[in-house]
Amino acid sequence: MRHAGPEALFYEEDKQMDATTAMYVAQGIHGLAYGMVLFLVASGLTLIFGMMGILNVAHTAFFMLAAYFCYQIVAWTGNFWLALLVAPIATAVVGVLVERFLLRRIHALGLLFELTLTIGVMFGIMEGVKVFWGTENLPLAVPALLEGLVNIGGMEYPIYRLFIIGLSLVVLGFLAFILYKTRLGMVVRAAVADADMVNALGINVPRLFMFVFGVGTWLAGMAGVTIAPILTVFPGLADQMGMDAFIVVIVGGFGSLGGALLVALISGLLSSYGVQFVSQLAPVLMFIFMAIVLAIKPTGLFGEREG
Amino acid sequence: MKKRVKGIVWGVILVVLLLYPWLFGIYFTNVFVTFAIFALFAVSYNLLLGYTGLFSFGHAMFFGAGGYATALALTHIKGCPLLVALLFGFLGAVALALLLSPIVARLAHSAFAMLHLAFSMLLYTLALKLRGITGGEDGIGGFPIPPFHIPGVVSVDMTDPLNFYYFAMAVLGGSLWIAWFLTKTPFGQIIVSVRDNAKRVDYLGFKVPHTKAIIYALSCGFAGIAGSIYAMFQDLISASALGIAQSFAPIVMTMVGGVIAFSGPIWGAGIFALIEELTTRYTERVQLVEGLILIIVILFFPGGFVHLLAVVKGKWLEFMRGKGSGLITGTWFGKKSRKKTTEGNA
Amino acid sequence: MNILETKGLYHDFNKLEVLFDINLEVKQGERHAIIGPNGAGKTTLFNVITGTYAPSRGTILFKGEEVTGCKPHQMVRRGMGRSFQITSTFNRLTTFQNIRMGVLSNRGIRFNLFCKVDKMHDVTRETDEFLKRVNLHNERHLPASALSYGKHRCLEISMALATDPDVVMLDEPTAGMSKDETRYAIELIRQLTEGKTAVIIEHDMDVVFSLADRITVLHLGSILASGPPDEIRKNKAVRDAYLGEMEG
């Protein structure tokens, strides 16, 4: 049999090489999975910023909230799949409520106040989860169906990670379809480019904002649910993912989904392989990268907005 | 008549400050010192935000830089005098500001905010990693706190919390006064003009980048002084002083106290100190209370506590028609982010 | 004597050419109007002369010295003032504070961190006098955003003059004004520019013909004609470009 790629090595090299390759591949999968989840979070954030100009500081708190919702639903029903469906929607509902009753009221005050409000919401959610669920790590099991490893072409891959990648791609595809193939998506893209213009065309912009905020939060929710079994559910979840997600949005470019995808994947792979090779410097690398990109191109790699 | 009332009020405040330790005891004296440190930190932040219109998400790095500079000076320089250590703190922060100044000078709002976040996170991570210099997670502590020493005249032991209180009040109060005075000078007029319309300032013959650089350096210097006192007060400085939470502090304090007035951040620091003291007795969820208060303030009193005071005093209408008008509505970073367009089309 | 001159001025934005071979001559003490259809390049010309952009080609001479490539604040310090088509004031500051900025600049008080500005009595006096001249003294404590449109526009014009420039460039000063406001603005401009040189972009022909000593017509980025009002009125090419707008 002729194979391209790592599988080929399996047949021709000795055991020593296999382990190394297997490790690289495994790390690659881990990195890609993390990167895809990062992209889900970042995509919501960049959509919201792109359209409304608001840097939603509370975004990663929503991400974490979804993980807690997921935990709770599994605790009640034992059904992860139900949680996967319901938790992101529940999170999106919270997001929509925040937009409708908090953000919209102060919209006229400008971006500084909107941003400060999201800081307040962030504190509220981050501390609120501690009130309801305590401060310890809450374990969440990977559903039985997705546990363990699968053997594809002689290499073993962790099923759950593949699931994450797969699910993320589906969500991404769905998002892309809506954005680029439907009328609604066209309106959203137009509003991301120029909200005032869209308003002038008679489209109900407040409702659009609410919708996009809800979708953005839903994306964060999906990310939260999928990563919960891996990272476990705990109050520091938002911080951990938070910085990375913001870096992805900033470096990739505000409002740019493509940029977010690229940087998210790079970031995921970097952190996965980076820990291996430059562990001391790993966390610093992304920041240096961000600082350099911003110093040269302040709007991010693919961003065009002048904030 | 008004001037006399003002004079009396300030007189009373001064007397209370002088007698504070005896009136309220050591514990509350220390609480007050912490409040004063953050009051200066927040005011320094507002010099950028409220006065010049520059929003930074990483102001903590200057606070931390001041703290580390002072700690390192006191650790490594034998017999380093108190005021020299303080000076190191100030200069450390200013040096960092001057380093970043050319990079951040011409950035638009979000980029300015984010780049500061990036650098502060970078410094935070470096502070954690470079154990040799910064002591890593444990930070630098236990350095000698020198006495306030004027050769041949007086030597006051600064490890006594009472004495340190007076020293801190002098330094922090003095810095606050200088910052306030700054806002009253012609330069103070230029920076608020830059906030409102930098282009016009350029067209009136002022050099905008130079102006921004100066206020930036001063603001960061004040933050450094706050950090320096902080390090000496605790006899400890660690990476948390540079962290993101520390960067949030001046933002929320300024917004809750009132971004529209000089005293706003001071009120904000006081309110947060009060919240900390009152809430920790009942619950650990202090940040939840702070978050809720922040939301309520933004929704109902965007101008912060200062706004609330003005309403209570029945002066809000007058304020809104006078110098307060427009400070709240519309123009705070109000222009929605737009794609770049070419200027003019006549 | 030409106080302001451009020689062979060209400008393009990323290869989109907007100004071609502009040879403008503004004599000292005159009121020079620049007219032309929308898109002719008038504001761009202003932007190039006042230093917002450096021209792609050509030179600019101000008071006999070459100033090509000077930045706006340098042009202002050399004695040029500018107003904008879209009102550009310090909206959160009071009318008084707005004008005071010009006065401070003119006196070279810039990086002064050592005196209370409110205690600078001669600055205050000069600002107040100027406010009286432009009839904004009653509104001195109002924030600029609270002014009516007409008054706000007058503030805009006044700020261009607050630095006491030798040459003031006014970009559509009467934009959006009613007939009465326009008449008032014309008088104001006439008074304030006594003894100074003024270059005015205008669409309102009433303004142009009541104020201008000479007119330059810009069309598609080039100078179509330049001369006294009567000459321009009779110029066939100008009439063709404008079709009837010249009446009155």
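Letters A, B and C mark the chains as written, and numbering starts fresh at 1 in each.
Convention: contacts are C-beta pairs under 8 Å (C-beta built on N, C-alpha and C of every residue); 3 or more make two chains touch, one makes a residue touch a chain.
Treat the numbers as computed from the prediction; the structure is a model and nothing was measured.
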Chain located farthest away, centre of subunit A as origin (C-alpha): C
Innermost chain, taking as reference the mean of every protein Cα atom displayed: B
Whole-Å gap between the CA centroids of subunit B and subunit C: 41
Length of the line joining the C-alpha centres of subunit A and subunit B, rounded to whole Å: 34
Geometric centre distance via CA averages, subunit C-subunit A, whole Å: 52
Residues within subunit A bordering two or more other chains: none
Subunit C, residues touching no fewer than two other chains: none
Interface hub residues of subunit B, defined as touching at least two other chains: 331
Touching residues (chain side subunit B, partner subunit A) in the complex: 49, 55, 103, 107-111, 113-115, 117-119, 121-122, 125-126, 129, 244, 248, 251-252, 255, 259, 284-285, 287-288, 290-295, 298-299, 302, 328-334, 336-340
Contacting residues of subunit B [partner subunit C, same complex]: 181-182, 184-190, 192-193, 195-197, 199-208, 210-211, 214, 321-323, 325-327, 331, 342-346
Contact set on subunit C toward subunit B in their complex: 13, 38-44, 47, 50, 52, 71-73, 76-77, 82, 85, 88-94, 97, 100-102, 104-106, 109-118, 120, 141-143, 145-146, 159, 162-163, 171-172, 201
Partner subunit B, residues of subunit A touching it in the complex: 49, 53, 55, 102, 105-106, 108-113, 116-117, 119-124, 126-128, 130-131, 193-196, 243, 246-247, 250, 254-255, 280-281, 283-284, 287-288, 290-291, 294-295, 298-299, 304-307
